[in-house]
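Some structures to go through are shown next.
Here come two complexes built around subunit A, the first alongside subunit B, the second alongside subunit C.
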Partner chain A sequence: QTHIADEGKVKPLSHPRCYSAFLSFAGVSCNSVEKKIYVHLNYTVSCVRLLNATHQIGCQSSLSGNVGVLHVLESEENLDWVLHSGPNPPYMVILESPLFTRSVMMKLKNGSGRVAGVAVVAPNTNPAEGFSPHTTCPNENTGVYSETYEPTMANCNMTVWNPLGNGLSYEEFDFPIFSLKDDNDTQVIRQCYLDHNRAGNGSTPQYPLCAMQLYSHMSAVTDTATCMRRNAINFSLNPEMVCDPLGDQNVWASTRPLNNTAKGHKMWESVVIAAARLDSRSFFFDIAPGAQSGVSGFVTLLAAAHALRNATQEAQPNRTILYTFFQGETFDYIGSSRMVYDMENKQFVVDLDNVHSVLEIGQVGLRADSKLWLHTDPVSRRNESLNVTVDVPGFSQPLPPSSFQRFLRARPIPGVVLEDHQSAYTNKFYESMYDNAENLNVSYPPNLTPEEQLEYITDTARAVTEVATMVARALYRQAGGEESQLSSIKADPQIVTKMLYSFLVRSNNSWFQQLVPSDFTSYLGKPPNFYVGVVQQSSEPTLLVQYLLANLTGSTINITQDNCKNQREDESDKMYNYMWVQGAAPPNSTEREGYCVRSTARLSKALSPAFDLEQYTSKNFSTWTESRWKFIKGRIFLVASHELEMLTLGVGVGVLLSSLLVTYIISSKADILFSSGREPTNATY
Partner chain B sequence: MNLERLPNEEKLSLCRKYYLGGFAFLPFLWLVNVVWFFREAFVKPAYTEQLQIKTYVKRSALGLLLWVAVLTTWITIFQHFRAEWGEVGDYLSFTIPLGIP
Partner chain C sequence: MTASVFFGCTFIAFGPAIALFLFTIAREPLRVIFLIAGAFFWLVSLLLSSLVWFISVQISNKESAVQQKGLLIFGVVLSVLLQETFRFAYYKLLKKANEGLLALSQEETMPISIRQLAYVSGLGFGFMSGAFSVVNILADSVGPGTVGIHGDSQHYFLSSAFMTMAIILLHMFWGVVFFDACEKQRWWAVAAVIISHLVVSCLTFQNPEYVTSLVPTYVILFLMGIWAFYTAGGSFRNLKLCLTCKDKDFLLANHRPR
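On to the complex of A and B.
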């Protein structure tokens, strides 16, 4: 799948190069005036505009960038300088991370023109008290609890799932907000402020002042219906796409091969769905480490799938287990709503009548007291009796936000959601840029090489392995397998720790290099990012999970590379998916020996049904779109006072007028001044 | 073209052509008529065809004023209310500004 990284996002023009080779020949060194004035920001991460059926959220800058005088905010009281008393508005506010709170941001939002933008310095370690820019009640309008289905449980009336949520990700700002790393470049910015802008002892700072300009102009506006309409207009002078729907692909695999070309109901097929979530988000664009909210869940499911590989091949249980990894769940359940929609419309390999039950793995990485909780839906449990022996939240509590809720919306299917929290989340950094390896306590002893770190089994890995073993055994029993086989099902901690390292620390390691095809290796170097992204751009984690799932649940097949890539084996090839991966290099050579992996791991489209049905104001489906932009960049420079600028302009205009006057005077007296005996001729035109 | 060199009948026929042409939704022809023939109609000493030219120039000016009024009104309304008209505003526009409603 090609990576259209720059669709609609034009690279900024680099400043004109100095052809110093030519000039140095003449003994003159070359200097670029632009480099003397501007210092460009190297690391530009900003928040972008997202739209849904009713709102637009995120940040917007003006078309020519927002310019503001730098001010490093010292405390919340110091906001008074920015908002009221500072003499040089608009200001570009630099926030250290303890001040990046809802109260400060709301005051800046109401700054009415005095705030040109905000830059947040991201710390190197997570803050102690927790930070979650998501809402307190994730996905409250697209879950199963609504006015028609148990309104007492809707809108988090009973349990607030994300109490630390301050909702900043879902606010709308009319100035750009960038994120800076805490490194030397940011120190240059702080030093520029201290040198020029610091107001010392009651005196106002004098021009020239240090200023910053941030560009993050977003093309889309108002809501999804408007931007999709503007995408589709044909007769305008320059048709331009302004937004794209969010979406990607779901990954799924089955323990027993299913005929993927025959969609719809499969007779005699009873399926247990084991679900997990792939994606996450944060306040800033393309930063989503998603350790506890996404990685812990899907790594557990991958390990469980691996643990079940032998058991489901040798002693096949009655029911098929379908492993599903949903993308886009953060944004109103894009992946799971699409799969349920496909099942209802006979577009998927099975349909809802084939589904026996659902086991979903939520956030399981941070088990306090090593406890795990099974959440169920109290409404659908009223009519049935379940024998549950694992810990259940003792009182009648709704399901946490989970993909299973979308299945319940369609049909009352029995199911459970496995979480490590009894009621509110234990994750203090839900959907934020701090939900990383540090949040999961994944730490390695010092002085280990990257390859040693890959193999080192951390405590978190052991804990996740326990969960995976339990999940695998529960799935096997739920699928009707024999009890005698249960003790042989064990998850492998080595695999779990390698997966955690690859998805949380570094994906470019020897293990992943063996599992992926050769054209994918260039995508392995990037930091882990689980943001779902727009539908045209497939995200790397989805494909990585597919390759991993194929490797962990499939088998190696001895066929040629050509046959493998063209999916040809024998008459059973409709049931399987074939992938040619590059493999490892044998010890005495540098050429990798590739091989073919045969598995049932496939991708299915995860685009919200609202876009296929063109119901852009739908309340039932996700309608999230992401705006397009031309470029995102920033630079700092010294800015002169307004009076000096006006004076320069006035002098220039004065010189122009006086030169026109002198020219007119000279030309009207030309015959006196330049007497040369020639008669002036009158020409008529 | 220098009107000084034309005979008066040709001036009259030119003025008439521009006057009639402006009725084909071409108010700019009327503007040209007014500006070009103003001196001929009102400043120059009288000649036979000048009365007719004067009439044409006056009527062109009237038509021009009408067009200016209509266009100014429509442009003001459109620029002000395009954002509120939503779908209709978008379908009436050739270029839709990015990033603002």
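On to the complex of A and C.
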């Protein structure tokens, strides 16, 4: 997506009063009339348009931005003012978060031109009753349950996984919807409404009224096939792209080095896949804290991988464990469908015949009664080859939405999915902007510095560590390791709490600074965001997970920086991946001492096969694309009444016509008018 | 505010100037040339005065509001004085050019009289001055918003347009009076022009009390208009004759062979 950096990011509050000497003089110190008129919104987060094979979802504004008179909605009954009785449509509705519900939004959607846009004020704490804009049945058409495979379990007929889901993320709106933080800037907006737009005692509000303009024009329309066709039109030297496929890269590593250049089936190789999901989403663009839905799972897997490092290096189990972190699972399993496709087409280090079993870690952060549940597929379950001390949901229940379903679509591989819910999700904020540290009960005592918070072990961290220990031991046993080694496999709560802090609170801390190469440090410090994004832009969490995985499962090699970089070109490239990371600065110096990390952590492309095969209406693979836009911005200002504008135009036209008339008359009679005082000798008229 | 406000304010500000240009100047190439040259002279005076102002602002203390206001007043006064200086310089240039033109041309009489030059140069000054006053404001009037969210008056665009119209017409009248006073060596008239220019410019410091700045400006405009009318050769008798349509008889009666 081409976003030009927002123009006009001016401080909206308290600009000094200017003296406007506006004639016979240029270059006044307060140099813009624009500053007198507009107050620009600093924080502009909007919902964007996404397209798939059949639909377009999200929001759209007009090309020149949507302008509407501000209205702060007090209750659902107050909607009547916006939709029917208000005298100055179209309205720009400001919603507090309790009113951001499906019924209000559906009524606004059917507002037929009286609604110019919506701005939602995001609260500072999570709402108590839960909110999930995702559908009730995530990824229902691309899982394993379909018409051909156990239709009674398809489309959530047996278990509704996300009962709180209101499906708002998958609706289409023809007006822009922005998100505002509850801070001083929003207070300016509310104050403007109270000053100018408030109707007192049943009378209509007087002009000038406070209004807002929101720009979020999306270039793509209809569906993915249409926008990909328009991408391919080569009219000019700079062809305009209208949409981009969603995608990123999967991260994977193995306990035994695998020859990466020899793709396809590997003889005598039996692999246990340990999978987790990296990504999440919310209703708004680029906001996806994904604490319970993503972070809890992959942090557990990273901790388990770290716990297994020593055991798998000293006493190698029979089978190799392949740790995989899939990106794009929210959007119809982009990452896992790509990996299965690559395995089927001999494009990956191993293929499906090499896969022995799958253990997937789902949402494990919120354990009610400290219970964990193992979900299996009742159709393909044969002998239970996994032996762990957790509960199994008693009745015959389908698998929850998970990457394992894509493996089952290809081949009946035994596997389990570890979750903290028995049937429906315990996550009240699935795929929403509230799925953050507060949702996972990650809280720190007050008065701790950021570095102290990094090291502090929270209760959530302890719980996740227990899960990680259990997962590690299960994986080791599943891989055929010896029983005697099991008791020495323990996850480290220090590492777990540092990971949870970095991925949920702040990534710019001393620990991450040590683990990453020096050219990556500028990307640290952004708020945690696990949205998969378009395939051209690699998201930061993917790379962070790769560096972490390398550090936690690899080893330090004592060679120079140049040798470390050169090793990549050597034959050792096939087995290992070499990375030069920053390291820490010793106590009495400011220069960081970098070191070389040798590991098997690698990236593999996570782009839906539908785009490589150009099957843009595919039902088997994800076809999600994201529209491009030029800019997303908003501003507030006062509007004058239509009558005053027409009056101005009328006065102007009147002045022009009367001056034309008077000038014509005077110039035609100029001889007479200016005749006295004529100098007879050298004057001409 | 919108396109209607943009066009309304453009017509208000430049309506009389466009009408004058269309009917009196556009057909005569010589007048067009002197109009543009006059505009250029005004531009150079503005350049000089803004250079001085810019340097003085950089030197000054940017925090002190009193100093900035004082600098602004100094800037306005300096700009007015520079404009009048350049008007005088243009007058001198035109006198020399006229002699040269007379030497070059075959005819015995000058192609353009000094009175016409006064009118044309004044209008040129007015055009450029009006453009610099109001184009910036017109560009922002196209958007959907109007002035006022920080508490300023709503009538900013309208009053700017009316002020610009007054300034353009005033420059034209000042040109006529100034050149005539220089011709006849009446220095008190020159001083009166400069003083009235200063008064009008300083009246804008009354903004945003638009009434207190616009009404006196229009009064001065009316008075200057009458003065320029008399200077240009008009008289109350001619006006009465024109208005009561007795002009035909007057022409015939006053017809004299050259």
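Simple rule for what comes next: the second predicted complex is superposed on the first by the 609 of 685 C-alpha atoms of A that agree within 3 Å, B and C clash if a C-alpha of one lies under 4 Å from a C-alpha of the other, contacts with A are read in each partner's own complex, and residues count from 1 in each chain.
In this section, contacts are C-beta pairs under 8 Å (C-beta built on N, C-alpha and C of every residue); 3 or more make two chains touch, one makes a residue touch a chain.
In this text, all values refer to a predicted model and were calculated from it rather than measured experimentally.
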Return first, second, both or neither, reflecting whether A:75 touches subunit B, subunit C, both chains, or no partner chain.
neither
Looking at A:370, would you say it contacts subunit B, subunit C, both, or neither? Reply first, second, both or neither.
neither
Would you check which partner chain A:237 touches, where first means subunit B only, second means subunit C only, and both and neither mean what they say?
first
In the overlay, answer first, second, both or neither for which of subunit B and subunit C A:148 touches.
neither
Which of the two partners, first being subunit B and second being subunit C, lies in contact with A:124: first, second, both, or neither?
neither
Looking at the overlay, what does A:229 touch: subunit B (first), subunit C (second), both, or neither?
first
Between subunit B and subunit C, which one contacts more residues of subunit A in the superposed model?
C
Can you pull the subunit A residues that subunit B and subunit C both touch?
684
Mind listing the subunit B positions that touch subunit A in their complex?
2, 86-87, 90-91, 93-96, 98-101
Subunit A to subunit C touching residues, read off their complex:
15-16, 19-29, 32-34, 36-39, 67, 192, 208, 210-211, 213, 635-640, 645-646, 648-653, 655-656, 659-660, 662-664, 667, 669, 671-678, 682-685
Quick one: which bits of subunit C touch subunit A in the complex? Just the residue numbers, please.
1-2, 4-5, 7-12, 15-16, 18-20, 22-24, 46, 49-50, 53-54, 57, 65, 68-69, 72, 75-76, 79-80, 83, 109-113, 115, 129, 132-133, 136-137, 140, 143-150, 152, 154, 156-158, 160-161, 163-165, 167, 201, 204-205, 207-208, 232-235, 237-239, 241-242, 247, 250-251, 254
In the complex formed with subunit B, which residues of subunit A make contact?
60, 63, 217-222, 226, 229-230, 233, 236-238, 240, 242, 684
